[in-house]
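Okay, got some structures for you below.
In what follows, subunit A forms one complex with subunit B and a second complex with subunit C.
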Partner chain A sequence: MEKENTITEYNFTGTSRLVLLIGMGLGVVCMILSFFLDGGVEHHARFWSNFLHNSVFFTGIALMATFFIAVCITAWAGWYTIFKRVWEAFSQFLIVGFILMLIIGIGIYLHWHHLYHWADQTILNPENEEVYDAILHGKSAFLNTTWYVIIGGLIVLVWVFFAYKLRALSLDEDQNGGDANFSHHRSMRWYAAAFLPIAGFSSAAMIWLWIMSVDSHWYSTLFAWYTGASWFVSMIALTILVLVYLKNRGYFANVSAEHFHDLGKFMFAFSIFWTYLWFSQYMLIWYANVGEETTYFKQRIDHYPVLFYGNLIINFIVPFFVLMRNDTKRKYGTLVFVSIVLLLGHWWDFFLMLKPGILHTAHEAAGMTGEHGGFTPGFTIPGLLEIGTMLGFLSLFLFVAFSVLSRSSLVAKNDPFLEESLHHHV
Partner chain B sequence: MSYRNRSIVYGLYNDEEVLLDAVKVANEKHLKIMDVFTPFPIHGLDPLLGLEESRLHIGGFVYGSLGTLTAFLGMTWIFVQDWPQIYGGKPHWSVPAFIPITFELTVLFAAIGMVVTFYIINGLGPGVVNPYIDPRITDDKFCIAFDVHEVNQVDAEAFLSETGAAEINAKTL
Partner chain C sequence: MSSVVSKIREPLITGHKSYHDITEDLVSPTEKVPGPSWVIAFIVSVSVLAFGLFCIAWTIWHGIGTWNLNRTIGWGWDITNFVWWIGIGHAGTLISAILLLFRQKWRTGVNRAAEAMTIFAVICAALFPGIHVGRAWVVFYFFPYPNTRGPLWPNFDSPLLWDLFAISTYFTVSLLFWYTGLVPDFATVRDRAKGFRKKIYNTLSFGWTGSAKHWQRWESLSLILAGIATPLVLSVHTIVSFDFATSVIPGWHTTIFPPYFVAGAIFSGFAMVLTLMIITRKVLNLQDYITIEHIESMNKVILVTGTIVGVAYLTELFIAWYSQYPYEQFAFFNRALGPYWWSYFGMMFCNVVTPQFFWVKKFRRNVALTFFLSIIVNIGMWFERFVIIATTLARDYLPSSWSFYVPTWVEIGIFLGTMGLFFTFYLIFVRVAPVVAIAEVKSILKSSGDQYLGPNAIHHEHSGHDKVIMDPIHSDEISDEHHGHGDAPSDTPGSPADIGTEQAVKTGKDVKGETKVSNTYVPSSRKEGSEKDDLKKIEGIGPKIEEVLNNSAIMTYIDLVNTDVGRLNAILENAGSNFRQHDPSTWSAQAKLAAEGRWEELKKWQDELDGGKTKK
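Right, the complex of A and B next:
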C-alpha cells in the first residue's frame, strides 16, 4: 500500500552531475595549487598529505558503510532496510578508495613523496651509523612497502569483494528473490558474518599502516579503535545528510522521523564512544608519562592547541548537548546541523592525526633538526586549499555513490525485513 | 496518581488491537477514560490517550549534573585543599585523573535520582500497598477504566460492550 506511492528509481540529474563535477574540478584546482604552494615544506608534502588525508577519510566511510550493512544483517536488524541502498551505494566507493591508496603506495616505490619515515631504506641499515634508526629497524617486519602496498592492497580488495557481493546479492534478490526460503538473505547472512571478523582485524592493520605509521616511532593499541569510531560517526553523519537531501528531492517518502531518530541515536552514541576511546588513549599515556608515548600529545598540545582542544569541543561537546534530547534527533534542523559539524569535525580529527607527523618527517627529510614552531600553510590549521581538496573528494564520493544509486531500485522490494522497516517505531 | 477510593467501571479486552480501536471510539464520543492498563507497552497508545512525554529525563539531567559537580568539586577540594599529595609527579589538580570518577558519580546520581523520583511520583515503595483492578492485567488482559464521577455508568457499560470488551465490571478501589 505505502510502497506504491514511493518513487523507486533515483534519477541522477544533469544538474546534480554538474554541481558535483564542479566540486571535483575545485578539488583538482586546489590540489594543483597545493602542489606548488607548498609553504616551504619540501617534496610536495602539502599536496601528498592532503591526498592521503582525504583518501583515508572517504575510503574509511565506505568501509564503515559495508561494515554496518554486515552488522545489521548479522543482527537481524530490520529498521534500516528501507534505505539500505544508500549504504550499498556508499560501500561501492571502496573501489575508488583502492585506486587512491594504490597511488600513494606506488608513490612510496617511486619516491614521489616522503610521507612515511619508515619507507626510507637508508635508516634501516646499521652500517649507516649516523642515520641508523634501531626502532624503525625493529618495526620493519611490519612497516615496509610490501605490507603497505601488496598486503594492504589485497586487504582492500577483500573489502571491495564483500561490498560488491553484498550489493550484488541484494540486487539479485530484487529480481529473483521472494522465495519461501529467503535464499538470498541466507546467503547474505553468510557473507556478512564472514566479513565482520575480517573487517575487524584488517581495518586495524590498515589504520596502523595508513595513519598511525606517519608517527612511525610512536604506537598506541587504542588508536585503531579510535580511528574506526571516527570513521563510523562520519559515515552516519553523511548518511543523514544524503537521506535528508534525497527526501527533499521527493525520494524515500517512507523514511520517517523514526528512522532518523535511530540514525541520530547512532550518531550520538558513537560520538560518545569516540570520546571514550580518545580519552582512554590520552589518559593512559598521560598517566604513565613515558617519553616515547607522550611525544604524540606533547607535539599536538604545544603546536596545535586550537585543533587539539577544538577537536574535543566539536566532536564531543556539540553532539552530546545537542543530541541529548529526544526531539533534536527527530528534527531535520538540529540533525543536519550536528551532521555537518561532525562530518567536518572528524575530517579535522584525521587532519590532526596525520599532519603533525608528516610535517615532522618532512622536516627531518629536509635535514632540519630540533623544535620548529611557527605557522606552516596547510599544516598548522586546515587552509582554504585543504577545504577545497576536501570538497573535491566529497564530490567524488557523492558522484560515485549517486551513480551507483541511480543504477538500481531504491527499494529492496524482496528483502524479508522491508515490511518491518516500513512500520518501524522507536 | 493515586486511584484509591474511586468508583470505576472497567472492561477487559482480549486483544490490544481491539483496545486501540476502542480508545479511538471513546475519543470520538468524548468519553473521558480514567486510565488504560496493559501488560506490555502498546505502540500508538500514548498519543491516543493524549499523554505527554515524561519529564523524568529532565530530572535525570539535573541529578546527573549534580553528580558531575559533586565528584569534580569534591575531588578538587580533597586533592588540592584538604589533603594534597603528589602522585607520580602529577600536579595536585590533575583533571584527567578526575574524569573517570566524575563520570561514575554522574551516572550514579542520575540513576538513583531517577529511580527515587519515579517511585515517589507513582506512589510506589517498600510497604506501600496499591489497589489493583484485576490481576490478569499483568498477564493477558487489556483494561479500559472509567471513573463513574466523570462518565455515566450506563454510558460506560454500553460503550464497553459495543467495542468488544470480554468482561465488564464495576468496583470501588
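Right, the complex of A and C next:
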C-alpha cells in the first residue's frame, strides 16, 4: 500500500522529552522572573499578560487544527491524509488550553490579576459617580465572569469534545475501518460538519471575551475573523516545522515536496488573507475617523510603533515576497525560514492585540490618568522574559502533541483518501 | 492532478461517455435549430429588455425625478440592483480561479456557464452607476481627470472611484479568462462546421490547431489568469462594501463588511449558477455532465456561505449592542422592527434559514427543491442589499428628515430590463458556444467518468493495487491514441483520430462491429455474461429497433435505463433514415419500470402512450 516503507510509529525519545522539559523549565523560570520584574506595573500584569498571551495563542492553534481537520473532511479533501495525525495531535492541546484559560478565569474571581477592566465591580455601580463607567455597565450582560468562566469553559469543552471525537474516530478507523460503506468517514463527516458552524459562532464569542475585551470599550465586527486568520497561519507554520522535523528524524517518508507545496500555498494564501483583513479593519476605521474606534490604532501607532509596523513587515512582506515563487514552497530552507518568521510574527501580532490594552487597564487601576508613554519592560516590545515564556509554552505544546502522536500509528491506514494523498501531485 | 482517485468519490461524468460522445453532446446544441422553448424564452427576454431600455430612455429624457428617490433616501433600487448584480457576478470567477487552484474537478461541468454568467451580470451591474447619476452626459465625472476641479484629483478619495477601477479590472480579467477557455472549444466547433460558419469559428478560435505548444501556452495562461483573478474576486466586493463602510452612517460603517460582502456575493452567485444550470441541463440534456454530484457540491457551497453570512449578520447585531453606541443600536433596531421590517425578515429567512435545508443529503440532491431554494436565496440577497441601503438611509440622524421610499414603475422597469438583458445574453451564449467546457470535461474523464469510478465502474484487481484501474474499457485505438500521455486535455480537436471518429459516425457505413457508436459503453450484460431482455416489451421498440439497440450494446432494461435520450437519438439516427422518426423519449422510463418488474404500472402507462410517445 505504501509508496515507500515507512516507520509508522513515532518514538518520543528520552532526548526529545528532555529537550522539551528543559524548554518548559526555561518557561517556568522566565514566568517566575516576570512575576517579580514587572517594571513597576501593578497586579503582576507582566506575568499575567504573558500567561494570557501564550495561552490564547497556543489554544487557538489547537482550535484551528481541529477546525481545519473538520474543513478538510467536509470538503472531501484527500491530500492531507498522510499527515493528518499531526493535526489530530495538535488538536488534543485543547484540553491543556481549557485548563490554562480556566486558571485565568479563576484568577478573575479571586482577583489574582487585573487583566480585564470590566471585571472591576466598582466601576459598574452607578453610585460610584467618580469611576462609574456607563458603557461597561451596558456591556456587563456579556462581559462578566459567568460568561468568561462558565459559558466560556463550556464552549472550550465542546471544542475538546469534537477534537477528541474526530481523533477517536480516525484511530478506530485504523482498527475497524476499511469497509465498503466508508462508515467511519461518514461518521467523521457528521461530526466535522456539525463542528464547523459551532466553531464559527463560538470562536467569535471566545475571541471577544479573551482578547477584544482587553480594550474593553473598543469594538470591531471584523476582529474575530482577523484573529482567527492569525491563528490559522500560525497553525500552518507550526505544522510545517513539525513535519520537517519529523521527516528529518526519518518519519513521514511519504510526505513529499508536493505536500509541503500545498502547505506553503495555504501559508501564503492565508498570510495574504490576514493582511486583507488587517487592511480592511484598519482602513475602514481610519477613513471613518470615529473616535471610539480610532483610539485603538492611535494608541498602538503612538506608543507601540515598532510592534505596529513590524507586525505588517513580518506577517505580510516576508511571506509575500519569499513564498511568491513556486520553488520556495517546495524547498525546506525557505519554507522553514518563513514558518519560523510567521510563527513568531503572529505571536507578535497577539502581543500587539493584548499588551497595550492590559497596560492601559493596569495604569487605570493604579490611578494613573492621561498619557503614559515611555518604555515599560515586557509591554513596549517583547523582552527576553517574554521570549523565554513563549519557548516554555511552545515546549509544552510540542510535548503534548508529541506524546499524543506517539500513542498511535502515524498513518491513518484505512482512510479512504490515503491513496490519493500518497500519490498527491500538485 | 493526482491520477489516483479514491473510491469514496462519485463520478462527475455519467453515461459511460467516450471522448467522442462528449464532443457530440456538447457541440450539438450550437449546431441544431433552436427549439420552441428557446425561441419563446428569447422573445420574452428581448421584450423585457426592450421595456427596460424604454425605462432607461424615460429616465434620461425626463430626468432622475421619475424615480422615487428623495433627499433622505438618495440610493434606492438603483444601487440595490447594482450590488445585487455585482454579487451574482462573483461565482464565475470563483469557480474558474479559486476552484482551479483547489483542484476541484467538479468545476469543469459548470465553469463555462458560470463565467459567462459573471460577465453578463457585471454588464447589468455596470448599467446602474451609469444611469443613477441622472445626467448621463456628465457620466465622465466618474473618471479622474485633471485640473478643472483643482489640482488634487479629488475623486481618488472616493470609494466610488475605486469601485470603477475594481469592476472594470474584474470585468476585463473575467472576460479574458472566459475567452481563453473558449478558444480550444471554438476550434472543436470549427472542425465540425462547414462553410461560413467554419470561417467564423476559425476566427474566434484564433486558428487553434491543438498542437502541444498551443496547449502548453493555454495552460500557463489559464494558471496566470487564475492567479490574478483570485485576489480580484475578493477585491471587487470588498470595494463595493467600502462604498458603504467608509461612511459614518450607522449600519454602514462596520469593519466586517468586506469579507462578509464577499461571502454574500459568492452565496448569491452560486445560487444564480444553480438556477441557470438546472434549467440548462434539462433543456440541453446535459444531465451526464452537470450531475447531481455537481448540484450537491454547489449546494454545499450555498450552505457554507449562507452560514458565514449568518455569522456575519449576528456578529453585526451583537456588536451593535456591545458597542453601546446608541445610533448603531438604533440602526439595527430600525432594521428589524422599523418600517421595513419585512425586508429584514425576508433577508434573514431567505439567506440564513432556508439554506439550512441543505444539511440533509436528500435535499441537497433534490433538483426541484434546489431550484426553488436557489431563487429564494437570490430574493434574500436582494433584500439584504435593500435592507443595507434603503432601510438604513430612511432613518438617519435627524428624525425631521426621516422618510419612506417605494419605487416607481420606471425603477422596477429598469430592474426587469436588466433581467431581460441578462437572459438575452445567456440565451445567445448557449446557441453560439459550448455551454460546458469540452476540453476541461475531457481532462477529467479518465479520473471521474462513471466507467472508471463509482458503482457502475468496471473494477480490475491489478498487481495488488486496491484501486480503480484507469482503463477498463476495451481500449479501442481512439482513446489509446488520445490518452497515452496522462490526463492533460490532449484530446486535441482536429487531430486525425478525432476526425476519423466523426467520419465514422457520420457515414455510418464504416461502422463495423457492435461497439462503434458507443465505443466506450460497456453494458452490464457484457460484464456478467450474456444476459438479454426482451426490449420489444417497451412500447415504441419493434424487432428492428431492438436489433439496432442490441448492436449498440444495449441488451437489458438496465442498459436502456442507463442510456439517455440524446444517445438513443444518435443511435437511431446512425441506423439509417427509417429509424429517425422514432421518438425514444419514454423508453428509459419504461425500461425502468420493466427492470423493476412493475409490469402493471408499465401496462397502464403504455395504454396512455401513443406508439411510445406522450400524447399531445
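Here is the rule we go by: the second predicted complex is superposed on the first by the 423 of 426 C-alpha atoms of A that agree within 3 Å, B and C clash if a C-alpha of one lies under 4 Å from a C-alpha of the other, contacts with A are read in each partner's own complex, and residues count from 1 in each chain.
Keep in mind that, in the parts below, contacts are C-beta pairs under 8 Å (C-beta built on N, C-alpha and C of every residue); 3 or more make two chains touch, one makes a residue touch a chain.
Bear in mind that the values here come from a model prediction, so they are computed numbers and not experimental data.
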Subunit B versus subunit C as contact partner of A:Asn326, first or second or both or neither: first
Partner chain(s) touched by A:Leu277 [first = subunit B, second = subunit C, both, neither]: second
Subunit B versus subunit C as contact partner of A:Tyr287, first or second or both or neither: both
Partner chain(s) touched by A:Thr146 [first = subunit B, second = subunit C, both, neither]: neither
Touched partner set for A:Thr15, first subunit B, second subunit C, both or neither: neither
Touched partner set for A:His425, first subunit B, second subunit C, both or neither: both
Between subunit B and subunit C, more extensive residue contact with subunit A: C
Footprint overlap on subunit A, comparing subunit B with subunit C: 283, 287, 289, 425
Touching residues (chain side subunit A, partner subunit C) in the complex: 1, 74, 76, 78-79, 134-135, 138-139, 142, 182, 185, 193, 196-197, 200-201, 204, 208, 219-225, 265, 272, 276-277, 280-281, 283-285, 287-290, 292, 416-417, 419-420, 422-425
In the complex with subunit A, residue positions of subunit B that touch it: 43-44, 53, 57, 61, 88-89, 96-97, 99-100
Subunit A contact footprint on subunit C (complex, rising order): 1-9, 101, 231, 234, 238, 242, 245-248, 253-259, 300, 304, 307-308, 311-312, 314-316, 319, 322-325, 359, 466-467
Touch list for subunit A against partner subunit B, complex: 279, 282-283, 286-287, 289, 324, 326, 425
